[in-house]
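The following pair of complexes shares a single chain, subunit A, combined with subunit B in the former and subunit C in the latter.
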Partner chain A sequence: MCEMQRGAGSSSDPCRRPVLQVRRTWEAEAPPRGLSVRNRSARADCVLLFVRSCFRDYFTHKFRAMLGKTRLIFPGEKVLLAISGGPSSSAMLSQVQQGLSQSAQKKLRFLPAIVHIDEGGALGLSLVERQRLVSELQVIFRASGFNFYTIPLEQVLDLPSSVVNVAPPSFDQAPDSYKAAVDVDLQGAGRDPQQGGGVPEPRLDESQTRSLQQLLGSAATLTARAELLSTLRQHLLVHTARTRGYSKLLLGESCSRLAVRLLTCVSLGRGAHLAQDTGFSDCRFGDVTLVRPMREFSAKEIAVYNHMFGVPTVIIPTLDTKMPEKASIQRLSQSFVSRLQQDFPSTVSTIYRTSEKLQTAGGGCSAQDGRCLLCVCSVDTAAGKASALQARLISEQLCCQEPAGTVQVGPTPPAGQCCSATDGECGRPAGGAGCCSSHFRAPEKKELQKLLCYSCQLILRDMSSVAHLPQYIVAEAERRKRRSLMKDEISEFLLEEEGSS
Partner chain B sequence: MAAPVSVHLEFGGGAELLFDGVKEHHVTLPSQPEPWGMRQLLVWIQRNLLKERPELFVQGDSVRPGILVLINDADWELMGELDYQLQDQDNVVFISTLHGG
Partner chain C sequence: MPVSCSSCGEKRAALKRPKTGHSLCKECFFMAFEEEVHQTIVNASLFKSGESVAIAASGGKDSTVLAHVMKVLNERYNYGLELMLISVDEGITGYRDDSLETVKRNQQQYELPLKIVSYEELYGWTMDAIVKQVGLKNNCTFCGVFRRQALDRGALMLKVDKICTGHNADDVAETVLMNVLRGDIARLRRCTAISTASEGEGVVPRCKPLKYAYEKEIVLYAYFKKLDYFSTECIYSPNAYRGHARTFLKDLESIRPSSIIDIIHSGENLSVREGVKMPVQGTCSRCGYISSQALCKSCVLLEGLNRGLPKLGIGKHHRLHGKILSQQPLTEKEERKLKSVEF
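And then the complex of A and B:
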């Protein structure tokens, strides 16, 4: 262990008094300049002591460096900030505000707007309470001067089915074009200042709130409910970004949050999608990229920054507020990590470093088909015969079989067939056309399972009924099923692509 | 006998939900034989201010992991954590970092 001191001077001088202690793990790369290092080693656990002014600079620098280094956000690009009102997203908003008002050289160059999803309906808050929280937030948004949208989560029931589909990006985002774009921006005329203001939000409909509560209520466990809620929220955010022409969506997840998310994902069976769920940028939707600029900030740093520099936050309860520790997997992972962090302060940064090294094999942003219906990540259940997944499925089939009947140990039918000849469980006449003709038939759980990735299948399994799923999911499921049937019918006539699976 | 100590307490980041939503408390700790330290303050808060779910605020001797404590705007780890002796007009802030956003 080596210890670094940043020339904090004597503690009698109030401006030079250290106020915060942060532990960081560095591997191989050099620690920031300006800090004296007593013992250089390839890997060091270090303690940083900050004085107030240095902390502000450190925080601001880290934010700008994160955005600048990755060269993801182009000058003049329209960017949507997803602000929940909590500490991390409020700190992000404050940083963006500061960054845009600086001198020309270092200032941030994109055009931000704010979106807030009001989830009060899902949590059972009263209308009055929801309006109070939203108006508190709107005061903060108005003060920022950006356009803002406050959208109730109930709107997710009205989305078009295109939201779960990948769309091609709208303009050239190659890294080499970034430098050219910055030069153009520096020379070009100043952009028109934005008129900040809210877009009037749609009126809340009681029946929609009830439908939403029924949908979430059909999930038996808190884990499934929380995952479902976050999926719906993500769909709504992406839809908002798409329809209003924003190509980037900034999420305010902190380092601590993402460390917990990583462990939660592994526990939920989302290991294949770790890179997208916890990485800096997530391009699963194609045209809208999810970016996590607060990724390097621990929850402690954000809390201290907010307290010291008066960043306004509005605390809104969530599904697992005041829940006991074992209520859900998310909650359990969170207490595990925070408790471990207490005794082993490098826990969060070690997990974070691990997540940085993750990449999706074969590129995460490929093919249109083979995407999960809910989370839009690639479907990872086309496993081979000798895989663990296959073994699990076989033993499940064995458990569910009646003792007198024939035991089917064949592999599960390929995705897309709605009723295979051998599987007589659906009880409808075998024959593709008859089954798929009715447009508004309620979906069967089994059919939906085939269109989902492993972890979304688990969520669906926890749901008592799929009758409450929003129309856009049902419609999209139908569409994919029909497509895949059609593809099977003409498969003999299709030319196989080189190297396709 | 130690003189009564008056401290200003603040709860933020979601911790105020355990205190009926009240964020700021100005309290005067009664005089007692031993000087007031953080340990005694936590016991006092649990007995007199905490309205529900004590396990979400205190764990054993100390605060629950995830709750950040600032004494006079400085991290309490720099001040000795539980061994810090409270002085008159001190400002103690408890911020929950778990209820993130």
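And then the complex of A and C:
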């Protein structure tokens, strides 16, 4: 153990002098065994002082303990790592590489592959720039020795509509079968070594890029655009995992990022889905489970780890890079949490602890039909008698008593408007026959609203036109509409609710 | 070009609703505002006919508007309620005495009986004296805890069935945010409830009829109805933690006006995992008030003030309850920790 008890600067040997101070807030009285701690303030804030080698052990141990404790990833299971190139996911990749190497203690036993979604099209990057970034990343991926896929986000327009549906898990994931699976694996059931190559990526089509940009451009606010982008990305990741037989998807979100995400979700109305959006495992898709193994690491720890151990990262801009603070809710939450963290150092860990205590309302991963079309979480718009949703509906009703004769000149048109701003206002109420900008199967905004959860409804509200939605979403919306019409016809003969058994 | 009201279509619009962005004329706005409060009251079944209800009045905009709207709705829809005003005097010179004058004026305008309870008579301490001992950082805790009990005691003295407070949508949203930031899972679950539980002695249930009304709309209502209220910030409040949540909320509202209702929706739909430790309601062994610990918070705070240990009550103190109850002196180490105060 390193000389942590005696505090900073007391050790004479330069190699063993502490190089890192990590501030952690412990809920329990005692910090983890094996690490000595100097209690600095009365607020149960502990400052841990580390030497280089101990820090690596601490980091590695935490990563493996998270995976091992929850027994979520079975030995021999195919796991997809979603790597964006940023510091957090790069650290995750490095940890997985180390964990799988033969010499590792308690080595990891799953079969990883890498997926990277190239979002340059959505951000308006040039083709040359995109290719440059992707080839930098491919160098890193090749060095890891795993199979990798680099997929442009434009592919999301070609997805099948099954991607927004829940599929049953492909094999038994019960906790008792975990031990059995470990035993089988230990007996050396021979596994073919991975070739570690890239799958040739499809050629980028200009028109697809334009459609994608139009889709994102139809979201009037940056908040809605960012949410839409992350939804599309999630769909594409899940589809990739599903079609290639991966049952787990590892995301590299750190503690700091998840604390900001929690606050953002609360502000967006996603209170019912907080556990799924920020928890360790997210089983909303059924067969593909999203896992967040980096959620105990703060951004600072990851940054120091990457710096100390030379983990390569590639910085790719996102939608809100270099945007002012009030450009979007996500951006505002981030700057708020960072600012608060300076005055109250336990903010991030406190928010993180709050997220651990939450669960999904209504027992989570169940009912097929009651799922949101976009985010695949359970729909939370059953307006209880006295609820915020009810209050909002009442307000809308009270203010729009005569939609037919009135021309709305205010800057924010009510949800009932049907035309996109670019086509000019036609002044006709939504649901009127023959809206002027419709083409053959354009969905009605109002009908789509019924299929969405509260926060996705807000995204839709911010969209000026739904004409650019990808085909798979439109098709799925149609299918659900037909199904609910069918159900209404036969409702008196149905004995029990679908999916209730 | 004059905009016409989107509700009646006839008159010229005088304002734009912060909540939905619609342009409305004055009368339609009054009607919409009052209707919404009425719908809230009816949907949540807040009152029963024949009950006596105390309106917690501080002289500020929320309670003034609440008193006005409650009176209007009581007559319009025949709720059959007996209304009265109750006000708390914390003993803050320059702030509370002015707002109390406003409350007295309200009483005359609405012809409702008024009762004033003061910290001085209930606890023997005014907020000015408390701040001198405690400093400016944790004083809001004292004021809030004492006020809650003061309202309950006043309501018991008046023998009313319910209390209604003027908490608006912004307050509830700030509370949700604050509880997330503070990690207070127990309060997070309860804070979006529109009325508190009604069982137990010594507890008068309280409700928030204005829960879904935006603060800006309340000000608009008061402005157009020419209601008289006192609008200064408490002089001791600038360092409160709630200020951070409030700035965040104001910024959120400027990005997306529906954020306030969205946050309340999030708070209502939160679900806590089983097995998370939750406080259990009991009674205080000293004063009999409801409490989840052996001693209620105001007894602990009072004890700290009386003994000259201002930090007793801020932070974790349940281990000292036994000692306080049995009147034992605290050890020197404990005393030292509790005395230090940063101004």
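Everything below uses one rule, namely that the second predicted complex is superposed on the first by the 431 of 501 C-alpha atoms of A that agree within 3 Å, B and C clash if a C-alpha of one lies under 4 Å from a C-alpha of the other, contacts with A are read in each partner's own complex, and residues count from 1 in each chain.
Here, contacts are C-beta pairs under 8 Å (C-beta built on N, C-alpha and C of every residue); 3 or more make two chains touch, one makes a residue touch a chain.
This is a predicted model, so every value here is computed, not measured.
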When subunit B and subunit C are modelled together on subunit A, clash or fit: fit
Which superposed partner A:270 touches (first subunit B, second subunit C, both, neither): second
First (subunit B), second (subunit C), both or neither touched by A:245: neither
Partner chain(s) touched by A:84 [first = subunit B, second = subunit C, both, neither]: first
Which of subunit B and subunit C A:257 touches, first, second, both or neither: first
Contacts of A:342 with subunit B and subunit C, given as first, second, both or neither: first
Subunit B versus subunit C as contact partner of A:357, first or second or both or neither: second
Between subunit B and subunit C, more extensive residue contact with subunit A: C
Partner chain in contact with A:198 - subunit B first, subunit C second, else both or neither: neither
Smallest separation of CA atoms, subunit C relative to subunit B, angstrom: 16
Contact footprint of subunit A on subunit B as seen in their complex: 12-14, 16-18, 52-53, 56, 65-66, 68, 70, 73-75, 77-78, 93, 95, 97-101
Interfacial residue positions of subunit A with respect to subunit B in the complex: 17-21, 49, 52, 83-90, 252-254, 256-257, 299-300, 302-304, 307-308, 313, 315, 317-318, 321-322, 334-335, 338-339, 341-342
Subunit A contact footprint on subunit C (complex, rising order): 1, 3-4, 6-9, 16-17, 19-24, 28, 31-32, 35-36, 39-40, 43-44, 176-177, 180-183, 185, 188, 194, 211-212, 244, 248, 251-252, 254-256, 258-259, 261-274, 276, 315, 337
Touch list for subunit A against partner subunit C, complex: 42, 221, 223, 262-263, 265-272, 274-275, 325-326, 328-329, 332-333, 336, 340, 347, 350-351, 353-354, 357-362, 380, 384-392, 394-396, 398-402, 405-406, 408-412, 414, 454-455, 458
